[in-house]
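Shared chain: chain A. Partners: chain B in the first complex, chain C in the second.
Right, the complex of A and B next:
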């Protein structure tokens, strides 16, 4: 067994040379990726990175603090619209508008956290669901936000750098994602994160140890809403056009699904879950183009379902994948990783 | 001036008087035990002191300052820590982190300084190390080294009870409430627990309020005892007196069994 030499190692990020090495490899691969991949895949990577931000934030709330939210699409929408509005109307630069929109989302998250003090489990799920639906409905009625017609993202310049392509945006998005994931990980490892986890595991005991339940529950909502808001602000520039219908209940459910598939209470699990499901979500739309499999699915769908039923076949495949993951590994991708690691370290026994 | 004082404390659950005019005083540095049959209201009393329940009437004073009506986290800051009858640990944290939570009120790292834990010289890094050293002392005190880095969810029952005690000690309380620290333990574990409770009293100078069903332990370590039944006080006094009190015998053994001795 490896011995610890001092207490800092308990909270350190790079606990071993192996981690430093692989982190370096990852950063290197990510920086050359847009130069070798097709433009569409850079877009997919951007989409995945945004999912990572939102899902890591949502995991702080759901996985670590044990409070459910089915309304994160609402915060996501607030971030997206807020960023654009701050840029076009208040003429904020992008890198200022983004955190400001995040803070607006965080403030609303804090307010949504207040009823959460009294609600638990399914009741909280419904309350947050209500928030998600209401938020997009209200946004769809605001003139400044283009009502139902939606809103175009303004041109994006940082200093003298004019960001036009997905590739350009990739180089803004990936560092922000890295930064936010690391911050989330640090929060979890220090006082605030421990307080979150203590509320999830035994809230009464936590309060008798001096944890202010009101403060930390609302704080968890605010942090998580901030992540969703920042994710939304970035999303607006990946799509370059947003409309209220985008931020549906389905999106909230999707975020929650990514958290669970990745593994509740695991930052790296969230990253994996967001990447995997984000990738599948986009790629399964092309499932009919895959040779043999696509033909087979099309034939199946045409003979047993309606002729037009093929359009949503990706959702069926998606649902099946979810069922299989949950059936075999309730801890999600994180659980698979733990098993793999154990197997690897004890091999060949 | 009494160190800790409960005056005419009553609490109603619907029509049921779970506590009815309970009064007692605890002197600094003593072990004060509360005994009584199941359902007598012992844990309810603890929950009132902690602020988990809101008593209907009465007073609770720690060093002449009222703690009644304060929320549990304010009570903790006032210097009262507790353990639970049914272990309430944070199962998905390891032993170290569980006890670290006892340091919560002494730590200043917030969201921002915590999020920017870049290196050992950052504020959060220094603070973590400082408090982890303190927790290590408690781990040494309670002989928990073996389970230091294990998730507490999978640890044996006796060890979990110890960790709970450690977590309460990390708060550096002035008054420690122990709710059946020996419940479900074997005799060896009980001996260890008695030893630690005495140590906490003698070496750390912490005043202890104890609920326990194991009469050997209660008689062994208590300075004074309060017996309650059906939420009402029966008697208060030295262990040997309470042991012989007819009402106490009646509450524990029932009536009309004259030849029985406790």
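Right, the complex of A and C next:
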């Protein structure tokens, strides 16, 4: 069904007119969203967009190259602190500080990629986990970064545009997210992307075919770290205050979970995973307000859990959703989409 | 025709006046309700502090049962942020923009609070009694932000003063958490000791992730410290005291208000906390002799505390809830706001609440005396609130032996 018949079909970013049409509709809807939604939902959308950037980047590493990172919160932190530091100390404008901070994260990603050449599987997971923890510990000791007391983001202006509200920031964030998602999709469709995929599928065979493992493995780390760094820089301005404890191991695990839930090796899956889990992360707090279900959960909680049971139930529901997705669709949301598409394209047979 | 015109004009007048009244009505207030927001971790590593929000909730229910405030009930909206500032920000925005809070109270933690501070202050929404003794709340002061938690600086000053002047120690050391809380303790101790011509003999930072305390104890022992101030969390107090005992180093341990829940501390230190001198921000009556700890309410002569135990805790807390310092603190942080709301009268606005908060002088509930002053942009003292603490010593039967009366502490601005 999705079989490619020639090279040019494989490298197309938009594979059909239908996709172009629906992408246009999506852009239109996203453009009017802040004008019709409450400010809180614009904040949620900003939060989800940042997750999208990081998770798309992480999927390049995990889903396409077959490497693993449990330390992306470290790159995220470097991007956040780097952007603020470049703006306040070097007086860089935001739109320059952001990619520069991303490049710093990319450089560190490249360096982390070097030892990763000799490691794989759980060993690589532990090494990257160590990086994530170390990065925040070091940041917490640097005076310029406010040590453990954190940093406030400076006022944000682009030209004469003073960005104050979530709505203002949305119009910066969404185009950046769109651009980075398109770039990621493009990377995967180039020689570099095919090299990543070949390393994931059979690295020895790829090496025999002339793929430079050292170059492409470290490049995958660098690209992925760049995305995380840019996401971190944007996150600093969504929250307006950052401190080292924010960038915890749990954050790294959450990013990885979004990749897996969305679907390994799928850009659109990453977008869906990041949006779904980002949304649930903020919105499950309101689970008790769902008609009927909320009352039932409250009764269940009061009968079988401790006094903080209602709050813990959010996490239980979160975990249950993950288990159900993984149990019934190991390919994640992307897998569900493929099945759905296949069903309709072959209907009624 | 004229008759109809009168009807139409009357109707229009009512509509216009109604709209005008509606426009003038303060956000978060109806004829019968005042909506108050609060965040606090109910899950995650900071979950023990979740009792603050539950304490406030029981306290508000008690006030409602007594008839509310000038005919209005307090509607308390609190949510679990898991001590994650992104969730704090999300929850605050949702409650503020969906329902509309008249004011915010307490809110556990410096980082979650700092994430939402600008959002609340930019909208001129009062925020009263942040549940952390951070100088960020008062430097610079904000017209709508009232601190009621005594600054950690004051704890360190009083502990050092007591160690030098009463106990006659000269070698004093500190273990401080490597963050805003610990650094305030360090600064307060340094400044206080300098007044007596002394210096800390050891200043050991402790990171939240640190587990092995042997190197810390070795350094303290080498410094021949007679008293060690512990400006760390309860878990690290337990580790330091346990390791100290195992290494036969047992100085006079001293802790801040954050470790003021003596029964809890005795439980997690397996009794090692006995003998520790601690700074306390309230919940006990230091003028009464032989007072017990907060759990021992029957032994308390503190009438307000007794009332809260009977009327709020027993009636409205969940059956698994523990009557402890953290739960009661949730009431103590917001008492001044309730006093101000009562003084506002029926015609309630945010500006009026701020004006009444500024009039509060030497108000005392279950914490120390709280005073505010009219707002001055360059004077943090107008928003400090409580400046007094007292010292107590943990006894072997998990009670408190009060060592001093309330003592006023000196405010030291950041970096001075």
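The criterion applied here is as follows: the second predicted complex is superposed on the first by the 340 of 349 C-alpha atoms of A that agree within 3 Å, B and C clash if a C-alpha of one lies under 4 Å from a C-alpha of the other, contacts with A are read in each partner's own complex, and residues count from 1 in each chain.
One rule holds for everything that comes next: a contact is a pair of C-beta atoms (placed from the backbone, for glycine too) under 8 Å apart; a residue touches a chain by one contact, two chains touch by 3 or more.
Computed from a predicted structure; not experimentally measured.
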item	value
Contacts of A:315 with chain B and chain C, given as first, second, both or neither	second
Touched partner set for A:149, first chain B, second chain C, both or neither	second
First, second, both or neither for A:140, with chain B first and chain C second	second
Touched partner set for A:39, first chain B, second chain C, both or neither	second
Partner chain(s) touched by A:289 [first = chain B, second = chain C, both, neither]	neither
Interface residues of chain A shared between complexes with chain B and chain C	none
In the complex with chain A, residue positions of chain B that touch it	50, 52, 71-73, 75-77, 81-82, 84, 88-93, 96-97, 100-102, 104-105, 107, 109-111, 113-117, 120, 124-125, 127-129, 132-133, 136, 167, 171
Touching residues on chain A, where the partner in the complex is chain C	38-40, 43-44, 47, 133, 137, 140-141, 147-150, 152, 166, 238-241, 243, 245-246, 281-282, 285-286, 306-308, 310-312, 314-315
Residue ranges of chain A in contact with chain B within the complex	6-8, 10-12, 183-184, 186-187, 189-195, 197-198, 200-202, 204-213, 219, 223, 265
Interfacial residue positions of chain C with respect to chain A in the complex	42-43, 47, 50, 54, 79-80, 84-87, 89-91, 93-94, 97-98, 111, 114-115, 117-118, 177-180, 183, 207-209, 318-321
